[in-house]
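By written order: A, B, C and D. Residues from 1 in each chain.
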Amino acid sequence: MNPPPETLTASQPSTPLQLTVNDLSIEAATVNGTGSQSANNILAKSLFRMGIPMAAKNLFPSNIQGLPTWFTIRASKHGYTARKKELDWLIGMNPTTWEKDVANLRPGAVVMWNSNELSDAPVKARGDLIAYPIPMNDCIKGVAADAKLKKMLVNMVYVGAVTHLLGIEEEVVLKVIADQFKSKQKAVEINVACLRAGMEYAKASLPKKDPYRVERMDANGNKILIEGNTIAALGCLMGGVTVMGWYPITPSSSLAEALIALAKKHRVDAANHTIRFADVQCEDELASIGLVLGAGWAGARSMTTTAGPGISLMSEFVGLGYYAELPGVIFDVQRVGPSTGLPTRTAQGDVLAAAFCSHGDTEHLVLHPCSPEECYEFARISFDYAERYQTPVFVLLDLDLGMNFWMCEPPSYTTEAFDRGKVLSPAKLDELKAAGKKWGRYLDMDGDGIPWRPLPGNPHPDAAYFTRGSGHDEYARYSEDPEVYRRNLDRLRKKIEGSRTTLPQPVLETVPGAKVGILAYGSTNNAMREARDQLAAAGVKSDYLRIRATPLATAAVEKFFKEHERVYIVEQNRDGQMELMIRQVLTTPGAVDKIRPVRHYTGFPIDARTISDGVLAGEGKR
Amino acid sequence: MNPPPETLTASQPSTPLQLTVNDLSIEAATVNGTGSQSANNILAKSLFRMGIPMAAKNLFPSNIQGLPTWFTIRASKHGYTARKKELDWLIGMNPTTWEKDVANLRPGAVVMWNSNELSDAPVKARGDLIAYPIPMNDCIKGVAADAKLKKMLVNMVYVGAVTHLLGIEEEVVLKVIADQFKSKQKAVEINVACLRAGMEYAKASLPKKDPYRVERMDANGNKILIEGNTIAALGCLMGGVTVMGWYPITPSSSLAEALIALAKKHRVDAANHTIRFADVQCEDELASIGLVLGAGWAGARSMTTTAGPGISLMSEFVGLGYYAELPGVIFDVQRVGPSTGLPTRTAQGDVLAAAFCSHGDTEHLVLHPCSPEECYEFARISFDYAERYQTPVFVLLDLDLGMNFWMCEPPSYTTEAFDRGKVLSPAKLDELKAAGKKWGRYLDMDGDGIPWRPLPGNPHPDAAYFTRGSGHDEYARYSEDPEVYRRNLDRLRKKIEGSRTTLPQPVLETVPGAKVGILAYGSTNNAMREARDQLAAAGVKSDYLRIRATPLATAAVEKFFKEHERVYIVEQNRDGQMELMIRQVLTTPGAVDKIRPVRHYTGFPIDARTISDGVLAGEGKR
Amino acid sequence: MSTVTNEKTNRGGFKLSDYQGLPSTLCKGCGHDNITRNIVQAYYELGLEPHNVVKTSGIGCSSKTPAYFVHRGYGLNSVHGRMPSVSVGAKLANHHLQVIGVSGDGDTASIGMGQFCHLVRRNVDMVYVVENNGVYGLTKGQFSATSERGAKSKIGEVNEFTDIDLCALTITLGGTFVARGFSNDAKQMLALIKASVAHRGTAMLDVISPCVTFNNHEGSTKSIHYVMEHDIKLNELGFVSPWEQPTAEIKPGEAVEIPLPDGSHLIVRGVNNNHDPHDKFAALQLLEESRKKGEILTGLIYIAEKERDLNTAMRVNNPKTMAQMDEADCRPPKEAFEKYLNGFR
Amino acid sequence: MSTVTNEKTNRGGFKLSDYQGLPSTLCKGCGHDNITRNIVQAYYELGLEPHNVVKTSGIGCSSKTPAYFVHRGYGLNSVHGRMPSVSVGAKLANHHLQVIGVSGDGDTASIGMGQFCHLVRRNVDMVYVVENNGVYGLTKGQFSATSERGAKSKIGEVNEFTDIDLCALTITLGGTFVARGFSNDAKQMLALIKASVAHRGTAMLDVISPCVTFNNHEGSTKSIHYVMEHDIKLNELGFVSPWEQPTAEIKPGEAVEIPLPDGSHLIVRGVNNNHDPHDKFAALQLLEESRKKGEILTGLIYIAEKERDLNTAMRVNNPKTMAQMDEADCRPPKEAFEKYLNGFR
């Protein structure tokens, strides 16, 4: 393993400068609605195409125009892709945050800014920063007339300057620009002109003072750069979703919208102009989940996309799904709660809300993907789980995973058949009958708690049944009988318990001799390798268990506790929601005493240092 | 302590009969919508007025007319008031359940039935029962002409027969009838006539064969006989509720309706005909909780009544209440979930749904009354908690407690002042200012996490503020700042943590030398004394800790675990919802290993035997 | 389920008992049971395939009724007020299904108001029956939002709020089939139910259906007696199935003949008026006027039979349904998949 | 909050800046900001006590605006679509509060549909402003339910569904004050806002308020340009405060003068018509006709100024508010308490 580089750069004195190659984080502080996103994407993509491991994050406000936004790119030859706690290179474009942005910089960081708009004073006042002022408005004076367009294009100037100063390959940037604007030749030209203006200015007026450089690497192989929501949508397409009901909400809307776009392209029947995908932008989340469960009941693979507030609103219906055994998939792209909270910030705050959604005794299947790869995969197989277990399945992304750019191994084309579970065809029903077995919609015929279900329209005279959220017996008949009720509830538990061993199992990463265990899940994974490298450098060997679903794989979790002296549970929420689910199942004596929580809840994605510091503190090394 | 009597009667051979005084359970199996409720109430009340400890339960269907209903009265000189697992005396009135009702009887039980409607066959077939057939229709032939009325009055015949056979004092019954029908002389007469017909018939044709007798006792003192919902409504009235938004749902509607009736009487302003209570039957639960929080925000003591499905629907709003710090009281009279479940049966299934209601990190104050006394008291003080902590407060009754008849010490007239919490008056604001303290709506000025709140309309120029469910700083200003967010969340936790020591504390009952602890809450309490007597008789001494609220009083719970070798957690749900909350807070090493669950989830109220059997099994004595 | 042998069969080869359900557990005399009976009869006469019938509902006495008809169909008794959304889901999943949703006035006009309005707006192809009794039956007689101002409850309370007229509301929202029936008028209801099934789009049947237990007293505006006294028939209806011959020749101006998409015809003969049920504005006017007079106007009030239904508008009408789509239907070819991914490099 | 010194004060002694709020964070040119400005101006001119102003809202760009006016009032920004219910709660708790709720078309006509309908039905005394732009602004431009069929979205999609006309809907539901404004027409809006405040009951203002970022393109039916072209004024409005003199004598038939409960007067002068805004039926007809012609009818469409509001109907109007009730107000005397309990023996 490599030494933890953040420590190196962070503690590095501002002089003498030590060359740092392919290892920095750049942040552009802009105003939303000004079109900086396009410039930032070009910069990010260029680094990606140079084969350097990287990731990019957009820190945006819950607002449409005029408020501060920060776009951060982290490039790391070590392949570290989480947010870095401290910034190496600031690009200042926003007057309202300028002073604070500068004040927050670590000693010796680089700062570049639009000197036509922002004052030099804060940088001067600090004295320790490497300064690159650029009169960006002047640079593009001749390029465009329209004021709004100018505001957008000015961002290309810093792309140019950074390109020059870091040594990004010009052809790469040009190609990225060409790809980005595709057929719009005019846009390509004007953007290139601004890029060039920035490059020229840097060449002429900004002698290199910083230690950062980028160089072509070959670390990215066949990878793609993608947002979790986008690739999850592809997973849904391949997983065979045919009905979607949704209601817009940040940060989940882009998942739905990506899927709609995919379906428009890939689900249109050329022959009769029909569409093999039905999507309804519903009037609210109660309607979306109702639509999903109605469609699932009638045999379609169905889904919805939402965030915390939607989960709350869906609670009653989700209970119906559990109890009446209706399949359906709910994508919850988590944002910061409680209530409206910080709608454009990230958290793992719905772990419990999803797992125990609704009143009464319930427990739902919840998948926790950690990467674009898993976003694709879990999205795809979530429909199998929903139909196999005939129950609502949650897929919990978070804003960091869903809306930020991550490198990802491209999924290989899926040829696996759908697992439609125990759908009872007329033939199967005849077969059962012939074998002398009486079928009942809620009868456990196979000992796994999972009953057989006919789809509406099944013409077999014995197939019809009545579905309800009130008490019912094995044959779907209304019942208030206490023993019938208990039997049904026990079967439901058995069914859900069965999923502990079939859901995606935890992933274990070990090093020889580790006494410390770290348990995490979801997007936290992106900071884990770096955190464990930092720990190793500080003399703490650690093993790592990554949870991928609940109900938990109890055995694996128990084993992990048995084999470690202390287990740090890292979560991006305040209350230790996954910890509670672990406490629920741990039975090994003394196991719970080993729990050490590491919790992060600021709305910013967790960084490696927060984890390693947490562990080091627990280990008495801090 | 007394020996457990259930064991005695249950194992008693049918002959020779041993006289059993003031100790039996009678059940009338009728059809709902036929007016048997009135007759049953008369019977129950008569026993109560004879000074015999008793309780009465109505087991009714989710239906208006024509389905089976069972009314059970338990009289017990020992003061045991929970459901008795086995019945002593059946009154058969319903042809559809007749066979099953008889089949379910324990050996040697008594059975009385309307022989004009029900066949003798099932009783004959068994042979072991003490049989009292009565041609009830014949008995009242002359009394009433109207068929519907007849159907109602026929029930008075069994009241008469039972009165005679058990030795209930006639004057008591007559007085009860007179009170029940108050000024309606005609109704009194006709009911008395039917009662007499039953008595006469029994005297003439039913020689006493059973061992049961009742005798006047003086065990009931000053007590009243009341449903939990009814007395909770009185608690609300005395607690100062002025605004209610509600939506009908079994088993909570009678709480709202009782309160409306009380307000009509006691809240009308004679001077100007205004009403000091506003109630809106809302269009749904989302509207009720919105109304409650809006009213609470504007300074009224406000409440809603609901059951599980309503809690699910209210989730989003409850999160707003937590995060924006809005007071309001939510009465959840629990019924059987998940989903619609068994709407007319009882459960403790919303413990978690209430405590962690809504997405994101939340925790709410939840009161768990166990008796009518506590229904009154907790209802009354819930408004204090809501205002003191500026947060939604849940009061969790259940159907058994809320809709069944319980004996209860009458509450003494409350003279305590309302605790309105930190309401910021103009004067107080000036005072703070004078002391050089800057006030902020969400600023922790007192170190307890609880901020000061002005009410809308407060004219002080500094008082106005903006309330929102999105991120805000100490001064109620919009903020997406990560540290501001975390600070606020930490303060909220601090505030709620503070309630652990101020909410109703657990009640501990001990016996010398007990190594076994039993932990329970809510209506389960009604079976606990009997269960512990049974255990003692079987050689198991037990201590008992009764939880009365969550967030849990951690210290008391820890102590209880420390002092016992095994702790049985008794719950009326499948998944151990309170157990999970206990697991969340227990930190004493080894404590969780002592947990032994005893869970009951059939929709019927828990009985003592289920508890004692559970404990005995855990103790290896079964 | 009746067990009559040698039962007659309809054109589809199904017996009346195929359209019946479990015995009702409602109160004796409940209006809802009459509606159930008429649904059974209408569906039998229409010859629908029972296994393609989907019966959805919310919660309430009314919402229990789908268990009492077409036992060979599939029932989905959902949660309170949310019948519309599960119906849309089912219809999108399989547009061959013949969806009938049953709701109550509480279920539709209170908790379900939002879903109802949006269902109407989307013109989902289904029959939507509101069994309207002005009270919450199952929770024991509270006023509902269709209860008239001034109406008295069984316990003597006076309703302080204006009622919501579901017919006027539906028309205002762009509904395409709006009718009102009365549970005691079998003839009218039968024609209305058949026309509802034949209509392509949301057919909203507001059926006044007295609650004999909680809203049948003096002072009620939805008691059997009151409705009988105040029922004003807007029109006489004749439903003619594709295989039937109209019983009488229609003279111009005497009646409106409306061809429905499945080949059947609806003949609408005004009673003391010549209301054309295509006239939205006249429909609203009639409703408002009858309301002012305290009358209960019944019959076919408005129809727009040529509007697109949801499946058509969304082009979700491939003969192979969403429920039947397989891997080949759902996945793009490998090349397209790779090409898409390539856009992210 | 402006810090102008020597500012003029109104009759209540308050400055214009007392009615202003924080600087808006909406997009430059957003229609919503115009509405905010007019609320500030109207409230200033009316001389309302700012600390008695309660501003409620749901979620959306529109719902953010209460932060931008009357900073000396109290704001409650609730959850999406639920502004009505919190408003009712606040008004019942303290009927002296002057409640104004601000919502969006998504907030009201989609997720909030149910609460909206029932608020109208209860005639809660408050101003209800829908800032109607035909899209979900805050979630970036999806169609809302008030978007016309055939309208094009910014990304080129065509809306397949009929729009919900909030004015017609409100009238159908028994609303007592229904008006439509346009965010660019300050004069009309000012009079409408003042009249809304003076009205006792729910005053529903449907203000077309273009979203310059997501719905201001060619093909939109809610762009500034489109609305300007299609805005048809139903009437000219004059609002006369109790302390003001009407500017001109009114000749019979020329205009309708409506006295409002607080002593002010609203003078309604039809533009090329003599529509009496008390005529419910004519109002519906006008709406339907203008709709057919693709026009956007603005002005005071309907008013029923004599209907009871909720607090009055419920008799929740004791000078001492619910929020002020103390132990003595809430508790019956000891004897009554004991007597009540005695009934359970």
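What we mean here is this: contacts are C-beta pairs under 8 Å (C-beta built on N, C-alpha and C of every residue); 3 or more make two chains touch, one makes a residue touch a chain.
Because the structure is predicted, anything quoted here is derived from the model rather than measured.
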Exercise. If you tally contacting C-beta pairs, which pair wins, A-C or A-D?
Worked result: A-C
For this session: Return the chain whose centre of C-alpha atoms lies at maximal distance from the corresponding centre of subunit C.
Result: A
Seminar exercise, completed: Expressed in whole Å, how far the mean CA point of subunit A lies from that of subunit C is 44
Exercise. When the centre of a chain is set as the mean of its C-alpha atoms, what distance in Å lies between subunit C and subunit D?
Worked result: 35
Exercise. If you average the CA atoms of subunit A and of subunit D, how many Å lie between those two points?
Worked result: 40
Problem set entry | Contacts with 2+ other chains: residues of subunit C | 79, 110-111, 113-114, 117-118, 122, 145, 314
Seminar exercise, completed: Residues of subunit A that touch at least two other chains are 62, 283-284, 309, 316, 320, 339-340, 468-470
Seminar exercise, completed: In the complex, the residues of subunit B that touch subunit D are 49, 223-226, 230, 234, 237-243, 245, 262, 265-267, 269, 272-278, 280, 282-284, 286-302, 316-317, 320, 410-411, 413-415, 417-418, 455-461, 463-470, 478
Problem set entry | Parts of subunit D lying in touch with subunit C, wherever the complex brings them together | 110-114, 117-118, 121-122, 145, 160-162, 164-165, 168-169, 172-174, 280-281, 284-285, 288, 313-314
Problem set entry | Sites on subunit D touched by subunit B in the complex | 49-52, 54, 56, 66-67, 71-79, 82, 84-90, 92-94, 96-97, 114-115, 117-118, 122, 314-318, 321-327, 329-332, 334, 336-338, 340-342, 344-345
For this session: Would you mind writing out the residues of subunit C in touch with subunit B in their complex?
Result: 25-28, 59, 61, 79-81, 110-111, 113, 136-140, 142-143, 145, 213
Problem set entry | Touching residues (chain side subunit B, partner subunit A) in the complex | 61-62, 308-309, 311-313, 315-316, 319-320, 322-324, 336-345, 347, 349-350, 352-353, 356, 358-363, 468-471, 480, 482-483, 485-486, 489-490, 493, 573-575, 577, 580, 583-584, 586, 589-590, 592-593, 601-604
